[in-house]
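The first chain written gets the first letter, and so on, giving A, B, C and D; residue counts start at 1 in each chain.
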């Protein structure tokens, strides 16, 4: 028997596990919130910093009735207990930093906020896999450098630069709906 | 700001991608249904056979208002399109059969139905990781052989044998609540 | 410019990280020795017990001029320093127990000696991947149970039982040369 | 019984699977050659382009008696047959592009030649893992951009820029011997 269903798009938010500044926390929260408001699922690496802030923003939006997407945390270790408290679904992997690749594989598009070398590897993976990558250009780190860049010649598009959470998620929606 | 939340337990259902008999399909459906009724999430390998039947049972239970757990499919490949139509959240991995290990890592307990060598590897992984393993002893395959067995001396318990879906999920609940 | 070369076959030896008995140590050493004598590479999980004994036997055979295969250790962690001292090539993975799958992927055939649930998962993976599996039937553990068994119906052959290291490696050679 | 042994350092050469120019092929060959001459093992992703050229240079150096390091190819797929013909030891992984991480995990230092997003992910992983990264700055691609850059603040050193294969391997040797 058929059961009606509809699989939501899933968007990864990638960025530093430690946030250097309060305004980045608010930015990451807003990205999480906008993803839920857009009717999508959020996936992160499940830990602190950008991951936690995005998840918190998503949880708040959902608690406010603004969407019903799932908040997924894909952990490097085996212990669910280290996840931030805003994940609905915690997926331990036991794969160490290889879990970064799984965050990207699990998503339809990737938004990067600030970010160091871990985030850089995630942007590079998403590029290799042909997935849209949106960088919050004002957030510094690798996100501040990659907006507008092509990571190699296999794709004709670029990492998309966004100046706000609203713009970032609008770009994701356009990409996933084939509008661009 | 704190957002109230509660992370559900997640149970994996592992078994053959092709079902040899109609009664196994009904059994796997019932296991999925009971997992949702118990207030837990279901995770499978996202494809056909036991994975699809369990997911269908779970989706039906949820559509009937009997729970709100998430139905997760963790795929070996990169293409979401091959998932069975009952998954809420489809996580491609691109890792081939290594995704079997991720199904186990993602879960708090594993239920096996029938099953060949892939299922055997999943039971062995769950055992290594210290997670409860419940085998539907009447379903044949490795599930029919492993009930009551210790897979090695690192644990003092055994693979738990269950004769029905209801009993299997009751065993999982007892294990996860520390009642046993 | 062409460089003459010949890639050796690579055989995995899988078994417990702790050996319960002295005679198993000698058996695992003999398996490693016979693999080198047969002109093949040895791959193990790089740690102690059966892995170390097989590597020691291989290193001794090579030191005696009986072959020039490479002794490879594929580690679960990131630290080369924990490998046993008989590996020529130490490959850390950082993947935890998922490295078990890589030991199998890296090999053309798998020999199991005694072994608990980790070894069981390796036999199951090798079976899934269509690789010959040889079990030392007198060594106890899962090797003692799997000889002569089919792990599922996808293959028409069986796990091959061997009573000695010489017989085990002869079976591997026959399998890889297509004699069987 | 103790067997004398000495584990060589292992150096990864990462770069594009397709070479845009003849001079890059010669450069990658020279890097492979210098690694063997320095008494180290070479590890690559086992396929064409920079990977094949480096392996060919290494094989040639070894055939000329200039070293005895092992040439390792870590493949994304399961089929050894796709490896370039200069690998001594071919390790299939079945993990798709996640094998890029394994190339880095397997090495003590990473040299990048030209390179697109795959190479970028490898440099980022090596940085995360605290391993020296040397970029051939004249080779274009990401290698041309990363020399002298810090990929984030977790390390106080930089990606080292080298203008020649000889300089690149000299930098690796200095790094691994703690001279820098």
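A few remarks follow.
Going forward, a contact is a pair of C-beta atoms (placed from the backbone, for glycine too) under 8 Å apart; a residue touches a chain by one contact, two chains touch by 3 or more.
Predicted model only: the values in this text are computed from it and were never measured.
Over half of the residue numbers found at the subunit C and subunit D interface occur in both copies, marking it as a same-residue contact. Centre-to-centre separation of subunit A and subunit C, using mean CA positions: 41 Å. Centroids built from CA atoms put subunit B at 28 Å from subunit A.
Put simply, the C-alpha centre of subunit A and that of subunit D have 31 angstrom between them. In subunit C, 78, 94-95, 97-98, 101, 129 are the positions where the chain touches two or more neighbouring chains simultaneously. Viewed as a network of touching protein chains, the structure reduces to a complete graph with every chain in contact with every other. Residue ranges on subunit B touching subunit D, taken from their complex, read 78, 94-98. Residues 1-5, 7-8, 10, 41, 56, 59-60, 63, 70, 72, 78, 80, 83, 85-95, 101-102, 105-106, 129 of subunit A are the ones touching subunit B in the complex. Looking at the complex, you find that subunit C touches subunit B at residues 97-98, 101, 115-118, 120-121, 124-125, 127-129, 141-142, 151-154.
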